[in-house]
Amino acid sequence: MASLINRTRDVLSRWRRRFRDDLKASTDASFLTMPRFFGLLYGPIDRSLPIDQALRKALAYRLPAHVGWRHALGGVAYLLFMVMVVTGVLLSLHYRPSSEEAYGSIQHIVTGVTFGWLVRDVHVWSATLIVIVVLAHMARVFFDGAYKPPRETSWLIGLMLLFVVLAFGATGYLLPWDQWAYWTVTEVLNTIAVLPLLGGVIVTALTGDAFVSGATLSRFFALHVIILPWIAFALLIFHFRMIRTQGVAPPRGKAKSETEGHSFFPHHLLRSFLVSVVVLAIVISLATLFPRPLAAPASPVEPPGELVSTWVVVDVSLALIRFFGPWGFALFTLLGLSMAFIPLFDRHPERRHRPVTAVGVVFFVGFAILWLVGHQLRFAGPDVGAPTATEIAEPAQSGLP
Amino acid sequence: MKLGWIAVAVATVAVFGESPGALSITVQDAQSQVAAADSVYGCVLCHADKRRAFIEGIHSERGIGCHDCHGGDPASLEAVTAHSGTYIGTPDKLATVELCGSCHSDPDRMRQYGLQVGQVAEFRTSRHGQLLLGERNTDAPTCTNCHDAHTILTPDNARSNVHPTNIPGTCAGCHQDESLMAKYGLSTDQFELYRASAHGVGLFERQNFAAPSCVGCHGSHAAMPPQVSEIANVCGQCHVLVRRAFDAGPHGAADRAGNLPGCTACHSNHETERVPPDTIAETCVECHDAESRAAQLGVEAEELIVAAQNDLQAADEAIEELVVAGWQVGDLQFRYQTALTDYLQIAEFQHSLDVEQLEDLGRRVGSISRDIRATAEVSAEQRWEHKLLLVPVWFLTLSAIVLGWFKLRSLKE
Amino acid sequence: MGRSGTQAPLTTITALGGASLWEAAAAQRAMTAIEADPTATQQPRSEPRLGFEELLLIGIGVLIVAGWVLGIVLFVFSTKPLTIPEAQPAVPVVSEDTFQVGTSRVQNWGERIILVVRRTEHEYYALQGTSPTDGCILRWDAESQRVISPCNYIVYNLSGNVVAGLTTESLQRYSVFVRDGVVYLTRG
C-alpha cells in the first residue's frame, strides 16, 4: 500500500515538474511562443518531433549569391496558387454545381455574400495571372538553362504543373454556366473531337453526354475540386523537394554556384514578403477595377452574339482554333509538350544550344502573339458549326393555263 | 390460278407503271389501278399523266372520273370512239366556270360534303368574274387557274394551291406578270411587299394562320380590292381594338364622312408597315396644315411616344447592365413587362388621338423605367464603393515597400 | 550538412506573426554562441532589440493578415440565403382568403409571368401571363370568361387556346394547388 502511494506520488511529481518546465519554456522568447503559451501540450509534441529545430534550420538556409529578383517568379506562382486554393475553397462554400443552380449561385456570391464579389474576382484574375507568372517562371528557368542535369526531373515536373494549371483553368471556366462559359467550352471540345484517335475518346470522357450538359458540369467540377488538386499537391511537393535537394541552379555558364549568399531569414524572407504584398495588391486592384462580367444564363439552344474571353488561355486557344483550325491547336499543344524533351538536347552546363533556344522563343513569343490576336476576336460570336437555317421555300406557283 | 393473278399483276404494272415514279406507287394507287383495270377505264391508256395528277386530288377520292367532266366514253379503248358522244375536250375558261358550277352551285349535291355553294355567284361580282363572264376577256382566271385542273386538293392540304401559305404565290402567278398587269394599269410589287410585311412574315415564317393572305382582305371568289370606305372595316376584322380606338376619334369621324382612305391614310396596303414613332408628326403634315391644331397634336403625340420608347429602351439597358453585374433580374423583368404592356397600349390607343390617355400611359412607363434605372444606379454605386477598398490596400502595400526597402538597405550594410 | 527539412511556405511564415522571428534570430545567434562555448548557459544572453522599422514592418504584416482574415470571416458567416426562383418546384402566389372568387392575379416566377384565375371557389387556372406575340401582360375578363390581351385583339379561353384574334399560338399551362390556405403555382 505504501509503495503504491509512493509510486503515485512519484508519477504526479514528475508530471508536475514537466508541466512547470513546459510552462517556463512557453515563456521563452522563441519562434513558436504563441502556440506554446496557449497549448501547454506543445512541449511533448516538440520533444518528439523537433518542429522548432527544423524551422530554425529552414530560416538559416543560405541561398546562393546570384539569386536575384527574377528567382521570385516561382514563389509568386506558388503564392498565386495558394490564393486560388483559398478563394476556391471559399467559393465552393456557396457554389452549387448543378446546371439548374450554378448560375444563380454565382449571382448570389457576387451580389448577396459579403465580399463575395472580391473573392470571385480575385479567383478569376489569379487564374490569368498564375498562367502568365508560371510561363514567366518557365521562361526564366529556360533562359537560365536551369533544366540542365541534374535538374531534368524538376523541369519535367514543372511542365506537368503547367499543364495542371491549364487544366484547372479549363475546368473552372465552365463553372459559371453562362453563355460565354458554355459556348467557349463547346467550341474547344468540338475542336478536340475532330482530332483522330484520341480526340473523340477524350471529349466523350469529358462531356459525359451527347453535348455539354449538367453531366459535363459535374465532371468538370469533380476535376477542378478533387482530382486536379490532388495531382497538383503531389507534383508541388515533388517539385519543392527536388529544388531543396538540388539547390538553386548555378549561373549560366558555370557548373557550380560560387559564393554563399544571404540566409533566408531575414534577407530573402523580407524580399519574399515585399513581393507577396505587391502581388496581392495587384490582384486585388485588378479584381476591383475589372470585375468579371456575367453573361446571360447558358442556353444550349441559342449561341450568344459575342463570345467574350475572361481568361488569357481562352484568347490563345480561340486564336489558334479560328485561324489555324483544330490542327493548329493540336500542334501548339504538342510544341508545349515537346518542351519536356529540351533537357535531352541541351546537357552541357556551359554550352548554349541555339536550336533549343529557338524552340523556347517560338513557344513563349508565340503564346504572346496568339494572345494579342485572340484578344482582337473578343467580340466575335462562337463558331460552333451550327446548322444554317434552310431557305424559306417560295409558295408554290399555280399552274398557268 | 395463282399464275393468272400474277399475269394480271404484271400486266397492270406494265400498263400503268411506265414512268420512273412507278416504284413509289402507294397502296391506294395500286388499289385504284386495279379498280380502274377492272372497269377497263379507257381514258387512262392514253392520258396516264393526267390520271397521275388526278388521283392525288379530292375529286378522285370521291369517285369522280374523267368522263364526269370531259364527257366521252370511258369504256372505249380507242381514241375515236372514246372522244365521241358527250365528249367536250378541254373546256375553255368560260365553259369551265359553268362546268364546275354545275356541281359546286348545287346545294343538294354539296350538302353532304359540307361545302358552300355561292362560289359562282361570288365570282360574278369579282373583278375576275366581271372580266371573264362580262367582257369575255380570257386574261382573267377561271376556276382551274387557281385550283388546278386535275390535282384539286382541299385548302387544308399544305400542297394545295389554295392553302394559306400558298395563296400569295398562286395570286402572284398572274399579278407579278408585268406585261399582263400593264394592260390593266396594275402594279406587280404586291407579293414582294406582302412578303416583307408583318402579315407575310407571320404567315410564311411563323406559320401564324391568323395572319391574312390575299383572300383575307380581298376575298377569294368575290375578289375585289376594298373600296376606300371599306378599308377600315377590312383591317378592323382582325385589328378590333385599333378599330374601336380609331372610330372613337376624329379620324374615325373623317373616315365615316369619306374624307379619309381608312387605315391606308398612314399605313400602306400591302406593306402594312408601322409608322416609326419619330415620323408621326411628318405623317400628320401630309394631310394637315403645319400650323393647324391637328399638326400640333401630332407633334405632342410624337414627343410622348418617343419619350415612352426611350424610357423603355433605357429600362432595358439598365436590366442588361444588372445582368452583367450578376444581379437576379426576375422581379425587374416583371416590372419591365408591365411597362411594355403600357407602351403597347399607347401604340394602340394613339389611333383615338386621346392625348390624355396617352399621357397617362406614358407617365406609367416613365415611372417604372425610373425605378429600374434606380436599381441599376444602386449597383453602379456599389461598384464604386468596392473601389474604395483599394485605398487601404495600396496604403499598406506602399508602406510595406518603403519600409522594406530601407530595411533591405540596412541589412546590406 | 543536408539541406533537408520541411519546406516552409513563405506566406505561412508571414502569417504566423512577425514578432518572434526576431527572437528566433536572436536565439539562433545564442545557439551559435552556445555551440562555440559549451560552458555558456542555454538562456539567450542579450534581449532582442526591435527597432522602430522592424515594429512598423511587423505592424503592417499584422494589419494585412488581419484584413484577409476579417474578409474571410465575414464571407463565411454571411447568411443571406440563396433563392433561385426558377429552380423551385413551386411558388406561392397569395393566401386563399385574399384571393376573391372570379378575380385573377399576375405572378412572376423567375423570369416567367403567370396569370392565375380563380373561377369558382375550388377552380383555379394558371396560364402563361404574357402574349406570345408581343409580350403584353394578359388580363382576365370575368364577364366574358376569357383571357384577353389589352394591347392587341387576342382572346384565349381558360385552356390557353386561341378563341379569336391575331395569333394561332396557344398559352402555356401551369398547375395550381392549395396548401395550408396558400395558393401555389407549379409546372405542368
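A, B and C are the chain letters, set down in written order, and residue numbers restart from 1 in every chain.
The rule is short, and it goes like this: contacts are C-beta pairs under 8 Å (C-beta built on N, C-alpha and C of every residue); 3 or more make two chains touch, one makes a residue touch a chain.
What you are looking at is a predicted structure, and each value in this text was computed from that prediction instead of being measured.
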| item | value |
| --- | --- |
| Most widely separated chain from subunit B, with each centre as the mean of CA atoms | A |
| Per-chain CA centroid nearest to the all-protein CA mean | C |
| Interchain centroid distance [CA atoms averaged], subunit A/subunit C, Å | 26 |
| Computed distance of Cα centres, subunit B from subunit A, in Å | 58 |
| Subunit B-subunit C separation of Cα centroids, rounded to whole Å | 47 |
| Residues within subunit B bordering two or more other chains | 328, 396, 400, 404, 407 |
| Residue list for subunit A, restricted to those that touch at least two other chains | 104, 118, 266, 270, 273, 277, 280 |
| Sequence positions of subunit C contacting 2 or more other chains | 57, 61, 64, 86 |
| Sites on subunit B touched by subunit C in the complex | 207-211, 238-242, 328-331, 333-334, 337-338, 340-341, 344-345, 347-348, 392, 396, 399-400, 403-404, 406-407, 410 |
| Complex contact set, residues of subunit A against subunit B | 104, 106-107, 109-111, 117-118, 262, 266-267, 270-271, 273-274, 277-278, 280-281, 284-285, 288-289, 291, 293-296, 392, 394-401 |
| In the complex with subunit B, residue positions of subunit C that touch it | 53-54, 56-57, 60-61, 63-64, 67, 85-86, 108-111, 113, 130, 134-137, 150-153, 162, 165-169 |
| Subunit C contact footprint on subunit A (complex, rising order) | 29-34, 54-61, 75, 78-79, 82, 86, 90, 93-94, 96, 100-101, 104-105, 108, 112-116, 118-119, 240-241, 244-245, 247, 265-266, 269-270, 272-273, 276-277, 280 |
| Subunit A-facing residues of subunit C, complex | 3-11, 13-14, 16-17, 19-21, 23-28, 31, 44, 48, 57, 61, 64, 71-72, 74-76, 78, 80, 82, 84, 86-87 |
